[in-house]
Amino acid sequence: MTIPADTVSLFDYERRFHERVDPAIRAYIAGAAADGITLRENRAAFDRIRLMPRALVDMSAASAVSTLFGERLDYPIILAPTAYHKLVHPQGELETVRAASLTNCWMTVSTQASVSLEAIAEASTTKLWFQLYMQLHRNDTLTLIRRAEDAGYKAIVVTIDAPVNGIRNDEQRAGFRLPEGVSAVNLSGFEQRSAAPETVGSPVFKGLLQGAPCWDDIAWLCAQTSLPVLLKSIVNPADVVPALGAGVSGLIVSNHGGRTLDTLPATIDLLPAIVAEVSGRVPVLVDGGIRRGTDIVKAIALGATAVLVGQPVLHALAVGGLAGVAHMLTILQTELEAAMALLGAPRLADLKGTIFERGAMASRMQN
Amino acid sequence: MTIPADTVSLFDYERRFHERVDPAIRAYIAGAAADGITLRENRAAFDRIRLMPRALVDMSAASAVSTLFGERLDYPIILAPTAYHKLVHPQGELETVRAASLTNCWMTVSTQASVSLEAIAEASTTKLWFQLYMQLHRNDTLTLIRRAEDAGYKAIVVTIDAPVNGIRNDEQRAGFRLPEGVSAVNLSGFEQRSAAPETVGSPVFKGLLQGAPCWDDIAWLCAQTSLPVLLKSIVNPADVVPALGAGVSGLIVSNHGGRTLDTLPATIDLLPAIVAEVSGRVPVLVDGGIRRGTDIVKAIALGATAVLVGQPVLHALAVGGLAGVAHMLTILQTELEAAMALLGAPRLADLKGTIFERGAMASRMQN
Amino acid sequence: MTIPADTVSLFDYERRFHERVDPAIRAYIAGAAADGITLRENRAAFDRIRLMPRALVDMSAASAVSTLFGERLDYPIILAPTAYHKLVHPQGELETVRAASLTNCWMTVSTQASVSLEAIAEASTTKLWFQLYMQLHRNDTLTLIRRAEDAGYKAIVVTIDAPVNGIRNDEQRAGFRLPEGVSAVNLSGFEQRSAAPETVGSPVFKGLLQGAPCWDDIAWLCAQTSLPVLLKSIVNPADVVPALGAGVSGLIVSNHGGRTLDTLPATIDLLPAIVAEVSGRVPVLVDGGIRRGTDIVKAIALGATAVLVGQPVLHALAVGGLAGVAHMLTILQTELEAAMALLGAPRLADLKGTIFERGAMASRMQN
Amino acid sequence: MTIPADTVSLFDYERRFHERVDPAIRAYIAGAAADGITLRENRAAFDRIRLMPRALVDMSAASAVSTLFGERLDYPIILAPTAYHKLVHPQGELETVRAASLTNCWMTVSTQASVSLEAIAEASTTKLWFQLYMQLHRNDTLTLIRRAEDAGYKAIVVTIDAPVNGIRNDEQRAGFRLPEGVSAVNLSGFEQRSAAPETVGSPVFKGLLQGAPCWDDIAWLCAQTSLPVLLKSIVNPADVVPALGAGVSGLIVSNHGGRTLDTLPATIDLLPAIVAEVSGRVPVLVDGGIRRGTDIVKAIALGATAVLVGQPVLHALAVGGLAGVAHMLTILQTELEAAMALLGAPRLADLKGTIFERGAMASRMQN
């Protein structure tokens, strides 16, 4: 598993991932919902945004450090929850967490990890968050929370945007099935939702939504743990008030990487209105299509506290294992610092105002 | 006639249709007017619209059911009128109507069906509408209406946007002719319009428009039957008032799938102004480019009562016969329910407000 | 020289022209200025415009006839001036004028015709206009006018947008030279402009502009003839007042088909402001990218009295001689009538208001 | 080293450059930062701008001459600073300066020239500017200034937008290293910045920014020389006031050709606001993507005093040496004059108002 010398950006990892990995696994990991419009829009929206630097700023004390939930965060880059790392590496999440630890990046471990959450915690020297899907029975949910608390996880990320699976045609066409030896080991023994056994018509409203969580469940969840609870995925600013009312400590703007409902807006286009609605009460994070240091800059400039990266972790894990993931994260860190240097922004807070607005330029001209 | 396992969306049926069907027949069925700008725009306009979900809504009583002309409609998905089903299946419309019946979808039978309207009605256990082209002689038109009434059809859909054929270059290039054994059997014996026999210049204004219907003819038609009469295709909001004045019971916003006049707007871009003009007095339906559950969601959100699907029926009929059409319709139903679940909209009426408006987001940010 | 049966649109003629004609001649005829941005924009601008039909209009007395300079014009389609028809057909402009006569289309004969203007007039049974480049010496210009008058030409079209040649890279790369036997026979013996013989630097400001016409020359020209003088190419609305002051009888909005200065706007985007400035005082015509009946509809709807077609004439002449040109013109006439029928516009004047304006729709919705 | 006859535009030189030059050298010279968005946007922004000519203007005294820093400038086209001309030609900058002299173009010599600045000055009969990177030690900077003054350079161009290198993935993938015999000879013996020797994490904030210049350094620089000092690259209008306060005599709007920070705006989109802010106090120049005479026209129309061309010089030098560069510059001069002729603008000052504004047209129509 050698990393070719010309692997110098996250897109290179993505390209090599597609060259090297089994088609069905690729379809599961990289496949979008329906026609991939949101998947592509996540990227296109970042690419459309233009940056506006300041010249000749003193950068001698520059730093990308920030604070989140009272802890020092070296870079505003956190590993997003992604399922089944064993699909691309025999050590699975153990390999990933070692790379995250090496580069001082926090990692969110998925409910659907292919390694026990305790084993991952043991292999880690960085901070871990636990991503939670609400289970059909509250007891099972509670079991997961307690295990995460006991293993030293620092926050709970509850994913709310997948009451049913998205229409993942790529995955369906490839006929993906979990291979032998890869499973959601942390959910072993928990009852899962299933559709009523009918032969005709859509199965969605016939059982698959059974036990899907509502706001009450989030309030219950927040009451069960002293850990900060983050809600993923917030899309609509109108959901901010109920979320804060339910007691969450942070929000993650996300469209599930374009993997649930196609034609959702790009997350970076959603971020500003949600940040405005939150108005500083809790941190707002964002994921979806982050591939460049300039993407991180744009997210921070538009009000995010940090970003999460998901797919690139699996690309790099498949291509280069620990070394790949650590390299990929270092690339992002380097690109972020280079962007800050070239923008004349010594601190993350200075990134505010680095977004170029055509309208603002035009009105300046008329004065 | 086996359906490959990787046929999981309407686009897959479309692709396989193009792989399997004779080029001249494909050109007739799928060919657009002129340069196909409206055909592609129908799709592009849906793809441009972004959706805005609500989180954690209680979906336990979710349902896509509605009422139309006093009848329960399980899903707001109706088969659009399309000609000559025998072009792609030996059983023609009989096969189609069995699939519609199996999935509880209403079907609109074309004037140009290749099977007698009575035989189709006999094979049906679902509700049927009859699509009518006004004939050169009112007696012939009346004959068609009486036959449809007698056979139990529930509505008349009168198509008004084809006083002459569109400029169908694809079809012309392929040299399409109706094959032996396929004809508009329901029009047998009726006189058709023809151009004056001149040798030079355009034939359009020299007879081909003879007997093309005007508003008086629609008023006459509505007076002849107690069935609801729907007008297809409404494009201009200014035509709503005369249509209601003539006595129609419903409107279908359509550009004939981009097959009559090229560079007409996409139907989904036309819908809102027409819905506003109608102001709830009659139901407004829409067709043109519907391929995804999210397309249906967008149409309903913008004021449609239901959508019609045309081309996908022929694609699926060609690829898989009864099973293909039933499968295709089930995909649409499933995608619609999944979209409602992921949007947090338990009823069709809740889809109002699920359209993302960039401007609205921006103004929210300024408060 | 057979015309394949699948040649059913102007684009088909264009495609076959490129298949059949010598590359250097193609580069001369079809080559754009510089990067072809204006050439493509001429088409793209038409394709962006959406049409808005009225339903069920009485078309029994429909007609595309109009009046121009007191003469009946069967269709608002006139042949634009194009040089050297002998490049693609041994009979040159004689063949073209026979096709124009057969289809009752008026034809503008180029100063650079490869056949004498008198011979063309003799072969014609339709109305002819004469296109004029102002010559270095007024006597030569006057000679051309008198010859055109004597031969029965009905108007003078003076081209003003080519004081120097455009940067025609396609033509330069192909190394085009006029072949033996093809020349501007009507200019035989007239002195032409030439650059000063220097070895370094641009030749443009060193003689090539010598004798380029100014407004005084146009006023002089209008005073020399009782024929209507049309100015081609008007681009800037600010040039309307001086043009009318100089005594011209008509204006042709044109960017020389994208062959002079690249990145000029599309002519259809220029038309409305010029029509507004002219305010009905003289007819305004337009050329540039007309390939469809719907293009003609859009030009008329935006205020043009008629359109001119240039390139398609040469395409059809190369592919099918007289039959090709007559067929091509009949296609345009047929497409125009079909578009009028499908728009519910029985007269050219009814085309006003058939342009779909998104903004207008939106404001209607708010009422 | 023959120049093919079909090399008739700057794009032809670019194409041949890519055909003929070693891939790693191409990647160094032509490679963009990151994803090349700014590189492409520089071009796309020029292509989006539409021009608006005046007809029949008297061009008999037309000229592209202007005055800059008290000197006559034949054409507003100056060679931008580019590094290491020996990469593509054995004579390096000596060959380039001979071509610039032959065509009377001013040339900016790079700090990273591969030939001594004195030798270049000796080979020159045109005016030279010296481009300066502030060195780690002020003494070294001062040495460079004095050498430039002594050699007769007419201005200092201080580049401020590269405190660290951009993320040049193309160059990294190609594994570019300076070949034997090519080096920054003018910097010989000067200490360069280097990163702290750590093994993990980004190197950017660990030493690479050491000694990066601030506004004080620019003020110091301006005080050291009586030559005009130009600042390159200005992007943000907010930097105009500090720049003028520091004493600079001119500004160059630039994004380093898309080679430092990706997703910066196109320079032509930045120019108007900066020109407005400067308000005539000092000349404003612009570079980035200039390939056509119409690009120069647009820059001048939007307020630039002159443009700089960089990449095309290296393309032409690689393809045709002295003859190539002289030819390329003559093409630009010719295209500029042809554009002025076709726009009816006899002087550079007349180019104001030749930009087509859709909005202006629309409002004219409403009067």
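Which chain is which? They are A, B, C and D, in the order written, and residues in each are numbered from 1.
The rule is short, and it goes like this: contacts are C-beta pairs under 8 Å (C-beta built on N, C-alpha and C of every residue); 3 or more make two chains touch, one makes a residue touch a chain.
The chain list, named the UniProt way, goes like this: A, B, C, D = Alpha-hydroxy acid oxidase.
In this text the structure is predicted, and so the values were computed from the model without any measurement.
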Classification of the chain B (Alpha-hydroxy acid oxidase):chain C (Alpha-hydroxy acid oxidase) interface as same or different, half of numbers criterion: different
Rigid-body rotation angle, chain D (Alpha-hydroxy acid oxidase) and chain A (Alpha-hydroxy acid oxidase), from Cα fit (steps of 5°): 90
For chain A (Alpha-hydroxy acid oxidase) paired with chain B (Alpha-hydroxy acid oxidase), centre-to-centre distance based on mean C-alpha positions, whole Å: 41
Rounded Å distance between chain A (Alpha-hydroxy acid oxidase) and chain C (Alpha-hydroxy acid oxidase), as computed from the means of their C-alpha atoms: 58
Sites on chain A (Alpha-hydroxy acid oxidase) at which at least two other chains make contact: none
Interfacial residue positions of chain B (Alpha-hydroxy acid oxidase) with respect to chain C (Alpha-hydroxy acid oxidase) in the complex: 34-35, 37, 160-167, 169, 172-175, 200-205, 208-209, 212-215, 217-218, 231, 233-239, 242-243, 260-265, 269-270, 272-273, 276-277
Of all residues in chain D (Alpha-hydroxy acid oxidase), those that touch chain C (Alpha-hydroxy acid oxidase) in their complex: 5-6, 8-9, 11-12, 47, 49-60, 62-64, 102-104, 292-294, 326, 330, 333-343, 356, 358, 361-362, 364-365, 367
